[in-house]
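Listed below are the structures to be examined.
Both of the next two complexes hold chain A, though its partner changes from chain B to chain C.
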Partner chain A sequence: MKEISLYIDGRMVKCPEGSTILEAARLKGIEIPTICFHESLTPPGLCRQCVVEVEGARVLLPSCITIVREGMVVTTDSPRVLRARKTILEMLSATADLSEAPELEQQIKAFGADPQRFRPEEEIKTGPIVDNPFYVRDYGKCILCGKCVQVCSEEVQLSYALTVAGRGFDSRISTFYGKPLPDTSCVFCGNCIEVCPTGALKPRKEFENDI
Partner chain B sequence: MDSISLKPLEAFLESFEDKSRTSLLPALLKAQELFRYIPEEAAMLISEKLKVPPVHIYGVIDFYSLLHTEPVEQHHIQVCVSPVCSSRGSHKIVEALKGVEGDRRVSVEAVHCLGLCTNPPSALVNNRPVCRINADKIDELIEGKGAPPVNSSRSSHPVLTGRFASDKGKSLKSYRESGGFSGLEKALSMERGDVIDLVKNSGLLGRGGAAFPTGLKEESSARDGNSEVFIICNADESEPGTFKDRILIQKDPFSILEGMIITAYAVGSRKGYIYIRGEYASEQDRFSRVIKEAEEKNLLGEGIMGSDLNFHVEIRSGAGAYICGEETALFESIEGNRGFPRNKPPYPVNSGLFGKPTDINNVETFSYISHILSSEGTDSADLPSASGTRLFCLSGDIKRPGLYELPFGTPLSEVIYQWGGGILNEGGLGSIILGGASGSFVPPDLYDIPLDNQSLKKAGLSMGSGVIMVFDDSRPFLSILNDITSFFNHESCGKCYPCRMGTRLNHEIISRIRKEGARNGDLEKLQDIGMTMKDASLCGLGQTAATAVLSAISLEPDLFKAEVS
Partner chain C sequence: MTYDRKTSTTCPFCGVGCQIDLNIRNGAIISAAATPGKAPNYGRLCVKGRFGTDYTHHQSRLTKPLIRKELDRGKRTTCGMEGFREATWDEALDLAAQRISRTVQESGGSAFGTFCCAKATNEDNYLFQKFVRAVLKTNNIDHCARLCHAASVAGLQKALGSAAMSNSIAEMKDLDLFIVTGSNTTETHPVISTYLKEAVVKNKARLIVIDPRKIEMADFALLHLQHKPGTDVAVYQAMAHVIVKNKLYDKDFIDRRTEGFEDYMTSLEAFTPQWAEEISGVPAGKIEEAAKLYAGAERAAFYWGMGISQSVHGTDNTLSIANLALMCGHLGKPGTGVNPLRGQNNVQGCSDSGGLPNIYPGYQSVSDEESAVKFEKAWKTSLNREPGLTTLEMSDAIGEGIISDFIIMGENPLMSEPDLNKARKHLSELKNMIVIDIFLNETGEYADVILPAAAFSEKEGTFTNSDRRVQLVRKALDPPGEARADWEIICELAGRVGDKLDRDYKESFSYDSASQIWDEMASLVPAFGGISHKRIEEEEGIHWPCPDSSHSGTPYLFSDTFPRGRGKFHRLDHTDLSERPDGDFPYILSTGRVLYHWHGGTMTRRSVLNDISPAPFAEIHPDDALRENLADNSRVIVSSRRGSIELDIRISDRSPEGVLFIPIHFAEAAVNELTRDIRDASAKIPDYKICAVKIERASSAD
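Now for the complex of A and B:
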């Protein structure tokens, strides 16, 4: 396979043709934060936390899905990049309970984000949904990464019990007409619990130990 | 739920040639029309017939504003609350309608621009446009009475609007008598590559917003005629302040179709779609009659005009989602999905609709193509300027709002004062927004700027879809921004983080500042959110959703700073 040379943060990196910027960076131990990326799923490229500055590009590009080109000049820590990452984390903190998302809490520290900055004056609390013997769904912790829907649909289980519903800020994960899980095509395979990064989905046992 | 009959829906589903996911949106729109919402049973039936998982159908229903999971009342009024209508009191009208009790009760919805901006405020009463509505005449409004939409236009160099005055675009007969389809005839006599070159050399830039060279797109989507290529005409027109495509469909629809057929020949396509926004019911009717007539006269179908060109066009209706005007979201919508934009690359010319090469253009762009072909060979001095003319949608506090076809490079002030007659009621000029809700406030020292792409780009401005909204000096910046941020809050698809959260927070902050004044840190918050959306959002919606706010900050920073006591 052809080899591509590019520059990341001033360092020359060689990687196989067809690699993403994220893969190329990791070869050199250059850290780029990610949220929606998962090794074994198709990257949806939606959190935009992995954006980097590429010379000649009008906007920042998501490194998890941008394929390297010969001679590309990439910066992973420019002021534009850092501003975007910090702001994304601050907005996320205002809209979801991240207390059980250690990786995100660690990013918040690393980028000096202020989790209180965009918090609404009155917090809207949504309680956990307990509608079956196996799982608890607490969408107050959901960051809409979409992984649960991915594994429930084409990519793994083909159960088609979950979807993103709504639009814009009011998007949410839902079942068919919001029905309780046992009334849907859910087979309780546990794949969604496995991939959920924030504790929004967890086994009922774990939930009961928590309270 | 008691006794709904699924029979008519079932019959409708049987009529689909393609019983797969691509028929989902038409099926749901039909169910909505039949039942005034989509009952679970209907969703299950559609799932079974089209082989689409039920949960997917729920996700799609819940995405589109015109589809509902709860019944909407028989009598349904949608009132525009975009900046132009809003500044003429449409919010009050919404309140007044909500207050109506008893058997005159109606279901009321505040919606965004309906493409009826020249006669504000505007509404749809049971899907029929009604203009110049008034909070004092609620009873008339409920009955659907009001002024009709205005479809007039004026021009110094009528090309696109050349058939408007004498209504030559009215029928296929009058269209042909006025030179219609001579462009197609010409194209069919040329080599396909030469047609593409002609469009390329014309310098035509797309009129849907991004101003991409049309010929270049044709060239890269062209295939040998043996593999699938799609042509799509984008008539989702929903950018606040835009109404040109609606009027073009009403007044010269055959020119749009002719442009599509010419392009089909050039790129080797056998199938085209025109995606018309769901709120444009009468435009959908108009265009379906146009397609039918063209089919009858062998201008569509097999062996068009005796050549070996085969080309069919299908109408698709939107279902209430501005984002579906974004090309890749539009593909998703035709494919029967939520209107989520795709990451690019791949680009549509390589992998668009159903993963096939796709050439998608705006309504005005296709119409212009027909004129390029039909005027080919005539003296180029007849053309008003190298890059020709374009349609401007002028609205707001202006004496003569309307559609103006003017040469590129016409100064902004000339459009407003000479053509538009200046500010309404002898008021002072307050602000100008160029490019719609995703555009910016124009700095006062640029009011004479020539409206061509280069000059605007240099100044950091963009014409987008040709929108010029003018406000007199009684309209506060913050009210206009409140309407704009409310629009994006409503229309963000929610797929990517910067825009999903940024559009909401932006709107919350702006509406709070409008009510209570700014607090310490507001300006920095708006800048961080705005720049993050612009730099990191997945698609053009998020990338431009903060443009108006950021431009207002640079013009009037004090509005966004806490008062120092």
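Now for the complex of A and C:
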């Protein structure tokens, strides 16, 4: 396979053709934070936390889905990048309870994000949904990374029980018509729990133990 | 953090052998997750593995040895906990040893029937069969493989000389075309089903489902051949006919690797697709299409389950599949092969470890003098050369007055045997019955002494999964109360039986660890020679055969040769159903499983899994329900010539008209009350999938 050379943060990186910037950076041990990215799933390029600055590009590019080109010059920690990441975290924490998302809490600290910045005056209340014997869906903790939908559909289970409903600010993870899980095609494999980064999906026993 | 620590181990349910992390909090499993990145499940689990291990903490776990209060009072009857008293280990073991040694002295080894356990570890099973062979001097040992894949084993042994799955789970992504037959894969092997579905959706593999029921896999299939139950051979013979007639076979492969093709080819003349359509109800055109797709594929594999093997002509079913694979050269390359999907976590390993009546560990024949001498030397005792009885033959032998004692480790024949009335009658005639188990189940209720065992999460050892991958079972918790690992119980029992018989078995039944037991077995089984617990730990599982420490294991079999040399074609004939529906019993009953339960239900009925699937049901076609004037969820009585059960109906067009489907898991409506004890001649497996029944509205429903 052809090898591509590029510069990331001033360092020359060689990687196979077709790699993403994120993969190239990780080859050299250069850390780029991610949220919706999961190693065994197709990167959806949703959250934009992994954005980087590429010379000649008008906007910041998501490194998880941007393919490297010969001679590319990438900066992963420019002020513009850092400000974008900080703002993304502030927007996510505006409406989602991240108290069980240790990796995100760490990022909030690292980027100096202010979780209060965009918080609505009135707290948006979404109680946990306990509609089956196995696991609980607490969408108050959901950041819409979409990984649960990915594993429920094409990426792993091919059960298609979970989906994204609504548009824009009203987007949410749901079942079709918001039906209780036992009335859907869900087979309770729980593979969605495995990829949830915020504790929004949790085995019922753990949930009951925590309250 | 919601848990204190975690232990990585192997899932105790089906034969996929998923690697799971048990999350422990306050001395109990609070949740489970897939061990990240580890084969064979690579982060995936199903509902049973992820949520179902809570059975290990059920309040009805046996925590102390139990002795029947009223021993030896004539015909034995069933009793619940109230019929037993708690005892110390010393008392219970001594009593068991005394009863066993009495029979050894009075009647010899042939008076024993013993069942080892496809849920226990390789080490437990190795030791159990060593106890049976070396101490009791009999080969009367069998386990539930007899009731599940015996016919797959018999057929593949005849055709190829080896009966294990020929491909690894990891190869499923390389499939070009595959046939799923007699396997409701999404419910019985859920994680494997995700790979198979993925092969279709992501890699454009083509799937042909050959199954009487519209199972979920059929939604992903290019073709679904919905044949009438019991007509498998007709469909496969007709496919072979099409392949021969159109010269689509692999002549080169046939010349190099097989024998008997000319003879087989000439036997196919009458098996036209039109003939098969008459018998199976599958349109001739679909049979032709399936045959051409299979023969024309670059790589093609078969996956099957109980639908092929649990039949009075199960061996023929398997042979008809093997014939096709041999004819098209779909063997011995990655992504090609013949794959019986194993139903229990360690049913492969239990057979490998010698839990069968005709073989020592590693499939070495008990009647082969050289093998017998090898094991006599290793075990320092004399051994019986006569092959033992199979599961149901042991049950028959009680009725014939030959067997008086049963020793059962973790099996539940009173759920799993056909014609339970007959099975119960046989057990009630036993003189002595010793049970090792984690729960008091339907079978334990007949026992004299029950010894409480450790569950999978409470002991060390190995399970061998469906694709021959030997994997570690690790101890996460102590057993409850006084329960002990099966192998420790067997060592104690062997020593004490020896004392009573004035023989010394203490030395040959003395081990410090499960790993030491494995090493002893590996020294006697060439295919395990290179496998040790330490190496499995380092390499995260090894596929046998692995003859020495430099060998890396064998993910797919038959690349150069078959164990029997050349693959052998077998002439076959279609045989009619063993019990045809008639005016009195107009429906065909077929049995099977549901996603949320496992086999006899001893474990899953005592788990959160039971909350979502709490009751038995009979699946009936809408047209049949209309004819019988039954609404959904009506209470009915389903009867055969052998018994009857009461349960609700579920109207669904998954099963074809004229066929009732009832799952096997529910003791309160045990479907084996209805099934018939008629067996495949060479595999001795009963015909679970077909018997004639009638359906009536239950009077309690009015």
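Everything below uses one rule, namely that the second predicted complex is superposed on the first by the 211 of 211 C-alpha atoms of A that agree within 3 Å, B and C clash if a C-alpha of one lies under 4 Å from a C-alpha of the other, contacts with A are read in each partner's own complex, and residues count from 1 in each chain.
By definition in this document, a contact is a pair of C-beta atoms (placed from the backbone, for glycine too) under 8 Å apart; a residue touches a chain by one contact, two chains touch by 3 or more.
A quick note: this is a predicted structure, and the numbers were derived from the prediction, not measured.
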item	value
Fit-or-clash call for chain B and chain C when the two complexes are aligned on chain A	fit
Comparing the two partners chain B and chain C, which touches a greater set of residues in chain A	B
Which of chain B and chain C A:A94 touches, first, second, both or neither	first
Touched partner set for A:P115, first chain B, second chain C, both or neither	neither
Partner chain(s) touched by A:G140 [first = chain B, second = chain C, both, neither]	neither
Touching partner for A:P128 - first (chain B), second (chain C), both, neither	neither
Distance in angstrom between the closest Cα atoms of chain C and chain B, superposition on A	9
Contacting residues of chain C [partner chain A, same complex]	2-3, 23, 25, 30-31, 33-34, 42-47, 50-51, 54, 186, 190, 194, 197-198, 201-202, 220, 595, 608-609, 611-612
Chain C-facing residues of chain A, complex	40, 132-135, 154, 156-158, 182, 187-191, 193-194, 202-206, 209-210
In the complex, chain A residues that touch chain B	35, 45-49, 51, 59-60, 62, 65, 80, 83-84, 86-88, 90-92, 94-95, 117-118, 120, 144, 153, 160-171, 174-177, 184-185
Residue ranges of chain B in contact with chain A within the complex	40, 43, 53-59, 62-63, 69, 321, 338, 343, 489-498, 500-505, 508, 525, 528-529, 531-532, 534-538, 543
